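Heads up, the next two complexes both have chain A, just with different partners, chain B and then chain C.
== the complex of A and B ==
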């Protein structure tokens, strides 16, 4: 075993192999930087190049790219609040808050180091998992997978930062949204209103980029000046490394959760990364800083989202069951070389297995190193006025999100959810539970039904794995209860931080007409879901109705609270903020985006960009004419060259179909 | 309540701030209009002329495809089996087509393959440069007559077809040692499925034909997870296609944990079910029927089985062009595919991707495919009835 491992390492000294690894790594980093492309884009661009290569070279190329996309997708999440991928939205919570305090370099240093460690631990895990994978995967039957999704949804409560009712409501609404499309059990269409487009469900990239990315742009597009605070590494490299090292347990825990989430088919990178974050929050003693720039909120998830890719390779190679699109493409590539995935791959192609492990580890280090070296120049981006960045970001994010399904409908969904995300953000609803709910909706329902129909009665509740999950779910609640009772007995005891409502500096419109309206939107949405679901078959109806009813109860309570606050405010003759300048600006920004998309639909993406970018730069960002012209010309040239360089399609408009 | 000014960068550290530059002035309306209008004009020019320059009118009837690009419309997401197949075939094919055209695979996922195929039927170029990739996901809804389907394979011309096969196997521990354990059971076998209206339909019809004692649970994510569920003992009976037989079934069958029961078989040129060349020792579904019931299968159930076998296995993966495509272009593409399929080097390279089944583009192919793709109304009626009666699914 050791012999093959060393032989594989020695083979990597071959310059052509090393070169492939390097090219793969760079391509992966670049694709990770562009919001919406990620691993799928990286493998898609490299795959055609591999036809005709030796299998070892092709593998080095693809693994190099896969290993690092989650290293660089952090950059736009931290600097701009626009996650490069759905799983980078996790890092955004704390990373972006840190960057807003002028500590972008600190956040990125932590993130890159964690990505590197996650990649290395993932590679080690991949090696160790080879003999363990089969029992591990086989021990996770439908009941355990069901409990895992329940645990994920329960994270919504943990991540709701002081307002459990809002968090749970958002999580439930995410679940409803996730159920749009084909039902996993009966293959009937739900909430699609006969539309084939909705039949596939909403695109995760569009939802994540809308709720987090576009919402962020809308709330900051009014900034016509850059951030002028000095960006420093805060004491140099060493301090960054030292701070990171002090969180080593989080790094390891994150990586292990990532591998585990990757190994289990059906969990996925986004859910795995959220689980790592939830774990960090749940086990932390002092939770006050989470979401406001807590290093633990960066370290764990970053480590996890890289190790997920390694974990994902385990079922791909050993069972031929890919966990995501990138690994599915990798699987396809292996087949073209006549390499049959399956348990026998360990005996037949052990050298290639170790080549994968080494490539993954080396690429992780290289990727982190490249990113690390570019921290300083990248951090300067925050000095550029956000309004000027916003123009390009809108164009890039819409283009990125278009790549997944090639449908303009995804982009409309993205803008609508962007406006909704802005409303959530500004009225103090946590958005993380919303996204978790969206991601887990179908797995939750799928494994519930499989458990229900494959096991008699409630016997599955006694399975050891299920009991462990039940303990994880119930014990913290009991513990909190005990603490609460003790605290009541000894009133002056400092019982942690439960009583301290975290000051939410982002939610300017909390307790205003806006949050009242938001609560109203929730109630209406749940009621509509309940009504619409009456038309489904009994099997397809069960889960949506349960979720809808629970949502109606929670959002009803919320509406009650909001109404009471509003009445109190009126009695005290306090004027609640109604139409604030920020709200006006956000609305205007969404109108700009809508206009951009309408232009795209009419005349195609290229013309839309050429109209939108200069207009937005001049009118909204008030950039100098010279800057606006140069900015637009650069984008124009890039868009002309892009489709032949990268696997990118520009959306075509109505005009192109008639000429 | 004090509002934070929106113009102030949030979270700045006080004392660290240099004197703020003043808010930049708004540019004059004339500047804006001039800039935007010039760029719009630039865009329009690029869109009109760029498009013409990049896509000159094609000439595919002149005996070669030089200067053309073969566009493959793959109606599914990238990364799946169909996508891998199409990209591999496309890459190899273009070097055999006279004039060496370029190759552009285009994924247009949506509606489980229906959206992209609808689009092809509506607006594909008819010059033979745009090809549709057909697969079971788009064929089954067409057979079922789903209302979302706006295409018909009757309106398309096949260029090449490539089959696949599959085997049905069961968990030994569930008390299955051979075919005879399929019937007269004390407890029915549990079949794990994805969706009754997908590729599973062929297996369901086979069970119905054999009168096997099987109940079904749908909702699995894919065939891989079903295989794992069988290994865990959650389900008892499953099928896998030829390409996954190696990784998923061969090992557990050797260990004695699973029993291979039958293969779906293949349709021969006369439309009869014969043994699958990849599973020469495994009885086919009609052979299994004979063994269980002592007579040759016949009747509407068997007709339906044969139809589905052709559509979802023997002629499963396919390339199509619109009906209006010029005959010379079609012939050229077919002969190039036939050449490719006959090439020894290609066969070796393609063994795994094609799953051990040849590329078929011989002169008799269009007629056979036409037969296989003509589904009688009695077969359609039987399938709808089976779905409604046994699985409570009413195809809309």
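== the complex of A and C ==
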């Protein structure tokens, strides 16, 4: 084991790997600064670049980025009071207060050093998990693996923030979407409606970039003005270092909380950082300074949000169930290389595991170092208005999702799913279970049929491992039920320690006509899946029908609840938010994206970029003409050079096929 | 110099408020209300005005305070420390052993972590 760890370290001395790690780190830092991208965006955008690479190089690039996205997201939280990611909003509480007192440098030092330590401790946690889990993982057979995949989707659905029924519905719909394409057991085509393009299934990059990336752009593109603040970096670097060293217990505690939050599917960086903040407050004797610039309020959460990403990798690599959205994409990537996470990665690809560990640790250190060296330019970058960034991001995301299959159909799927993702986001559906369901759909079905053919009847249910997983599956559901009943009876006033923010600030269209419509979409989708699956052979039909039926039940309940709240609102003469300005803006943004795609289909990608970018910048972002021209030219030249540097294809239009 | 009442829209909270007002009038100190319940269930404005009037008769002030902290126990202790409260008043209700073990108790945490005296008021008596 030590041998493979050292061998992996030695392999990192290979210049090409080291270069990839460096590129990944820098890319991750830049993407951490862009609001809304986070780890998901970073992996989704970089994933297409890795398609032509060896697995080791691809992993170095992706892990490098993943390890540091939460290092740089602090910069805008501290300097502008506008967090680069949801999880950095915790740092904002104390960091921004500190910055307002002229001690931004102190806050940054605390944050960067804690992020670094969190990343390293996370990597250590991942290392320790390998020998601990090894005997366990090796004892798993297909029944346990089947239960694990079920558990992965179910836990993600239950533990995600918000309503459980919404989470389960989203997870089940993800499963249905994942079953589009060729059935793993009978090789017949399902839900393809005779289309050859859908026969390969939907592209993971397109789904992830749509549901998360484009949805995020649509909900933020209305921000035309950059954030302006007159906060300067100030001094306090040394003081920050001293304070960081004196709060080392908080750093370790934060990192451990982060790892735990990462291991649980569906509990991501946001919940993990709030947990860390909550415990920092709870264990502090003097609580006066929290929210006004207490170093302990920065150290713990910052350490936690980096270690979450390492914690996410533990169940992903060892059991094959993703702990979060970025790791779900990583899982998808490993599968395309033919590396099956779970038992086989431990027996056959231990070197890759250790490569991931080392990459994570090294990138954490490098990330903090780069942040220290380049705080000033980074701070300037955070002042760019999101609308201006959005133009380039749309172009890059569409190019990225083209790489997997080289088909324009993927891009249309991506825009449709982007609109759907926006609907989910604004109406309070968790999106993580959706993507985790999508990734696990095929493994779930495959393991089920393996189990079914190897064991008679339900005999596999009595295997001890399966029983344990069943218990783990049932417990959180019971727990959630107890909490729900107590909340209804209002007997929960005195309950436990609350670490999560109660308000759901992201989903402003909850309990409106929009969420009613979203529930309707779910019911229709599940019903359609049930009806469409009646035409399949019995073996291909079983799992889709089970999932469809369960989905119909859950989304039916959801629709009932939504109708009831709508009726109540009408009885109370409350006007629910109908067509809000934000919704209008999101629609407009999606229309812009559709226009871009139509241009691409007609005249090719490069020409579409030349038209779309300046138009979007001038009309939507209201940028100055000079800026728009320079922006377009730089992007155009970069895109022109890209295919010769990286294995990337630019979409060709109908025009080029004629010529 | 102020007395802090942890208020929640439940019998415990009302009992605490009653005791807190009595205590403030007795000691001639200001009153500080912290809303601790989940969501936005706070003291009704009319009720608040009534309390304010009663205190004003005696030349005392009423303030309502909130905290950025998510946990109500931590919020109460933080505000008490910050304002230099002389006493915290909390309402108490019977909790089973198992309930406390699994869910913990906010009041218990306030009792253990507060840096000033805590007056706890029972609603369910004997």
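Everything that follows uses one rule, which is that the second predicted complex is superposed on the first by the 331 of 659 C-alpha atoms of A that agree within 3 Å, B and C clash if a C-alpha of one lies under 4 Å from a C-alpha of the other, contacts with A are read in each partner's own complex, and residues count from 1 in each chain.
Going forward, a residue touches a chain if its C-beta (ideal position, glycine included) is under 8 Å from a C-beta of that chain, and two chains touch if they have at least 3 such contacts.
Since the model is a prediction, treat every value here as computed from it, not as a measurement.
In the overlay built on the shared chain, the residue A:488 is in contact with neither chain B nor chain C.
Legend: residue contacts after superposition of the two complexes on their common chain; A:570 is shown touching neither chain B nor chain C. With both structures placed on the common chain, the touch criterion links A:93 to chain C but leaves chain B unconnected. Counted by residues of chain A touched, the larger count belongs to B, out of chain B and chain C. By the touch criterion defined above, A:40 reaches chain B but does not reach chain C. Contacts of A:278 after superposition: chain C is touched, whereas chain B is not reached.
In the superposition on chain A, contact of A:291 is made with chain C only, not with chain B. Overlaid on A, the two complexes show chain B and chain C touching no common residue of chain A.
Put simply, chain B touches chain A in their complex at residues 1, 3-4, 6-7, 9-13, 16-18, 20-21, 23-27, 31-32, 35-36, 39-40, 42-44, 46-48, 50-51, 77-81, 83-84, 87-88, 91, 106-112, 114-115, 118, 123, 148, 190, 195-198, 217-222, 224-225, 227-229, 231-232, 234-235, 243-244, 246-248, 250-251, 349, 351-353, 392-393. Across the complex, chain C is touched by residues 93, 274, 278, 281-282, 285-288, 290-291, 487, 490, 492-502 of chain A. Interface of chain A with chain B (complex): residues 40, 44, 47-48, 51, 97, 100-102, 137-138, 141-142, 182, 184-187, 196-197, 199-200, 222-230, 265-266, 315, 319-322, 325-326, 328-329, 331-332, 335-344, 386, 405-407, 446, 449-450, 453-454, 505, 508, 537, 574, 577, 580-582, 585, 603-604, 606-607, 609-611, 613-615, 618-619, 622-625, 628-629, 632, 636, 640, 649, 655-657, 659. Of all residues in chain C, only 8, 10, 12-13, 36-39, 67-74, 77-78, 81-82, 93, 95, 103-107, 109, 113, 115 touch chain A in the complex they form.
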